[in-house]
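Residue numbering begins at 1 within each chain, and the chains themselves are lettered A, B, C and D in the order written.
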Amino acid sequence: MKQIEDICRIQVRFSEIDSMKRMWHGAYVSYFEDGRESFGRHYPGIGYADMQQAGIYAPMYDLHIKYYAPLCMNDVAIIHTYYIHKPGARLDFHYKIFRESDNTLCAEGDSIQLFIDDKGELMTDVPEYYKTWQEKYL
Amino acid sequence: MKQIEDICRIQVRFSEIDSMKRMWHGAYVSYFEDGRESFGRHYPGIGYADMQQAGIYAPMYDLHIKYYAPLCMNDVAIIHTYYIHKPGARLDFHYKIFRESDNTLCAEGDSIQLFIDDKGELMTDVPEYYKTWQEKYL
Amino acid sequence: MKQIEDICRIQVRFSEIDSMKRMWHGAYVSYFEDGRESFGRHYPGIGYADMQQAGIYAPMYDLHIKYYAPLCMNDVAIIHTYYIHKPGARLDFHYKIFRESDNTLCAEGDSIQLFIDDKGELMTDVPEYYKTWQEKYL
Amino acid sequence: MKQIEDICRIQVRFSEIDSMKRMWHGAYVSYFEDGRESFGRHYPGIGYADMQQAGIYAPMYDLHIKYYAPLCMNDVAIIHTYYIHKPGARLDFHYKIFRESDNTLCAEGDSIQLFIDDKGELMTDVPEYYKTWQEKYL
């Protein structure tokens, strides 16, 4: 099974810098999401549009972030997003965020998403679109 | 026609403070929205739930903000939201935001919302739920 | 050693609701921070103002969130923030977020903050203001 | 006097989409700011770093946004930022935001920033760094 990874690049925004002159720690959640969306554009089939069409969404279930070094004004973040295959009806990603200027690892994280059907019920079976995606890319 | 006004109170959040140690100017947009939502709870009938039921939404068309004095860490904002009656299919509000500690006027603003139907088309007639609301409160 | 806990109440904002009509999962980071700030107002001495005066800040080092049930439009969140005492130069909190209308536990989380001095260096000794606070409240 | 303009490109984020499945109207404030920052990187000398070095900041004084058409999930925004020269100690920009896919004009806006010195006092004289910048680019 090959490793599936995406890399994207985000300019830190003024509005994300807090009064300690560092990127606010909550902004990393958006960066992970930017990473997932970029991943979804490179490996299509599990993006928001696919979910919407199937009526099956994948809300966040578990999110873990470790902060090692700050991102500051004018920094550019390089986001590495790794798909982690786990059996069952779940979607797992690992993230690494680097500061572009000196390649420092600023943050690392993990997320687990579960699937809910169009009635909002948790699904225990793997949705069809996700199965199709797994057969194509794994 | 009586003046319709709501007053609400919001604690400034750490994440809203920017690197100049003032509330970021974009955060005032949320405060105006907090004002409108509080207004809608006091004068029910034009809130988000009513719009959703009718399938008629009121997206923002025009927003104007004037900044006079900063809100800072630990400040509390007092938001005054005034309904401004204008003829036609539009929803107008005026806002004043005060710093609670010394009653300074920090910002003032105006917004215009228009109505779109369930096909996303701009409406030229006043929606029924808004007519009903006007008859009740104006 | 007595348990130290704060409870606060936050109205969910329209701008926090995502396209799945649930509160965006990243907004919970602000709610935990709201919880910490409310805690700091009830048990003064480790708030932002104290940190600024001492020149010693406490950036986030580790954040973990578990999502159980959604918060939606017009919901009110009840945030329970628990101080967790751990030896050493660190600040630990546990959080529980409930939906006010039916008392459902929507999310739970943990955070670890470390201390950095005015040169941005990680501190291994407990800062004076934090020692004073611990003597007062623990 | 030549016209000074910058164009930048921003991918709409999932967290910016509201429950009406459009970009939340408040997110446009960040897009204008992204426009100004991109402008500042192309015409250096009035960026945040210059302000910080001089101890003279330029907080927002007046912001006006007109909304014509929505930006939605997966859209890319093209931001045009125009420097508008006005005499005196003020910084004026005009903005146009287009949807990349079909070149629709989605929003337009204007902003005025004033200058405050290191004591937080409003300046009536044009700051040195801004004079230098004007001599270079106008």
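Observations, loosely collected:
Everything below uses one rule, namely that a residue touches a chain if its C-beta (ideal position, glycine included) is under 8 Å from a C-beta of that chain, and two chains touch if they have at least 3 such contacts.
Computed from a prediction, not measured in an experiment: that's the story for all the values here.
Hopping across touching chains, the smallest step count from chain A to chain C is 1.
With respect to chain A, maximal separation of chain centres occurs for B (centres as means of Cα atoms).
Between the chain pairs A-B and B-C, more C-beta pairs are in contact across B-C.
Homomeric contact chain C/chain D: same residue numbering on both sides for over half of the interface positions. Inter-chain spacing, taken between the CA centroids of chain B and chain C, is 29 Å. With each centre defined as the average position of its C-alpha atoms, the distance from chain A to chain B rounds to 33 Å. With touch defined as above, residues shared between interfaces to two or more other chains in chain B number as follows: 14-15, 19, 26, 29-30, 33, 48, 73. In the complex of the two chains, the chain C residues touching chain A come out as 19-20, 22, 25-26, 29-30, 33, 48, 57, 59-67, 70.
Listed in rising order, the residues of chain A touching chain B in the complex are 14-15, 17-19, 21, 24, 26, 73. Residues 11, 13-15, 29-30, 33-34, 37, 47-49, 73-74 of chain C touch chain B in their complex.
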